[in-house]
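First the structure, then my questions, so here it is.
Letters A, B, C, D, E and F mark the chains as written, and numbering starts fresh at 1 in each.
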């Protein structure tokens, strides 16, 4: 895998471990709940990851985008579908989403290379 | 249909007509593009409407929520699916999304009564 | 109590009950976690409610402001302290917070009348 | 003048007076500074009000929009210029700005009737 | 030109080319519309770029700020005018805009050196 | 002190000095007012810095977080209190606050090492 992808994952894992280790009960439960949110249910896990991705784009959270792009890709997201998510994010969120679209595509390219 | 739903739709239509009548080319094209965004493609129209709905919730735009709830419902969204969209919106966007969840559910109930 | 305060509380309770009744597990746990967040701990409940209030102001969520103003007041918040929270919210969040400051003060006045 | 315009101005004035009367020094200075920001300088007052208006739209603050529309109109803003501001706000801020565009146009129409 | 400016422009161009090459019609039209928005009209291109700049600052999009600073500078923006735009952005958007003001000034200095 | 902390402080100071040197009166007064906001009053300086910190987290301004973490630490904030602020920020602002929590903890660790 690419350095961009690896570095992101390593930093994310290292800091999440430290946050969990703090033993703040609210945060531990929230991290747990966050994971449970994207499980298969009435909507498939893939659909939920797409929801998580589009939300991350309009809220302009590059690290959240990276996480959900990986999960969506693992669950079968295609490049054509990715661009339709980009389209919704750009139209709903406006041109300020464009810089995040650039970074999202760069991450996707490294991930799928 | 309920007064809440009818009033929203009537006001929305009336003002959109006036905006379009202004003949500002950028805005006319943008409104047109906004409609095209949610057509069937690599992703189904229903999936795209769910993306539009979750985005509207985390961006806390009650009127956008009302619009996408109607479109999603026309395309077959169930109440169980609606709540899973609410779940993603609340976990990703936080407790500030709760008041918008209350209004979204109220609109859904009037719409589907 | 005032009509403004009563109406807010009644609508909030009614819709929260419906949301909980839906039996979406993620949302039920999130609502529960939200309540637990503001309990006494290393920081007092009053301090946490002040944190919740200032957050609600800069995120410009009027209903969240109403909720945290009530809780803060029950825990002993004074008007002078309230205005210092307003000051932080306005300086950090800018003049777009002013309209929400107007509504927050109106709610406080009705609550404490 | 219209009821919509009058009611907005009356409520705004009444609550601003109460906020100022609180004697919180930071808030008093901030309100004063806010007024000074939009004076003639290297940029004209009209240009600054247009900046204030477009900012209010993308930050989706309806009351701020109402205030800056009035000030801009007093300083000579035309309907054609208004719509070009709407265009920038919608393209930069996305379709979530549309509901605020509807309300802004309604307010403009009442103001200029 | 400076490395900061060149690197930004090169990355922006490279990724925009890839996004356009994807042939997603909505995104292609949106990019096109975004460019058209800032043309001379009832308001001058320079005024519109100033609108785009102030919006980018309050929405805290550093890359958007860089783009609009360059365009505004090409169209004759002076440093005194730039600071009046900063003033509107800081007062309307609050102290959270300060870090973006620092980066904006750094970019301006490199651009105009 | 750590390189992360030093670099942040040096860049912040250098650019703030340049901004102040511009002699834009609104900005100079706003910077001054921003400092005054966090002085002891009805609420202690420490409580106000905690308010500033939680606001910076939900508004997802990493540089603002770094500044308020330093000030809070100087005024006696403990790690347990820090995590309770993280908890409020994550629950109110949602999972998009998590990446900023990672960076905040990293900065705290370097600061207190």
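Note that a residue touches a chain if its C-beta (ideal position, glycine included) is under 8 Å from a C-beta of that chain, and two chains touch if they have at least 3 such contacts.
These figures come from a predicted structure and were not determined experimentally.
Looking at chain C and chain F, the chains in contact with each of them are A, B, D, E.
Between chain B and chain E, the centres computed from C-alpha atoms are 30 Å apart. Per-chain CA centroids place chain B at a distance of 26 Å from chain D. For chain B, the set of residues that touch two or more other chains comprises 26, 30, 33-34, 37, 55-56, 58-59, 64, 83-84, 87, 90-93, 95-96.
Taken pairwise by the contact criterion, the protein chains are fully connected, each one touching every other. Looking at the complex, you find that chain D touches chain B at residues 60, 79-80, 83-84, 86-87, 90-91, 95-96, 98-99, 101-103, 105-106, 109. Taken together, the chain C residues at the contact with chain B in this complex read 11-12, 15-16, 18-19, 22, 24, 26-27, 30-31, 34, 55-56, 59, 61, 63-64. Only residues 25-26, 29-30, 33, 36-37 of chain E touch chain B when the two sit together in their complex. On chain F, the positions that touch chain C within their shared complex are 33-34, 37-38, 41-43, 47-48, 50-52, 54-56, 58-59, 64, 78, 80-81, 83-85, 87-89, 91-93. Within the complex formed with chain A, the residues of chain D that make contact are 58, 90-97.
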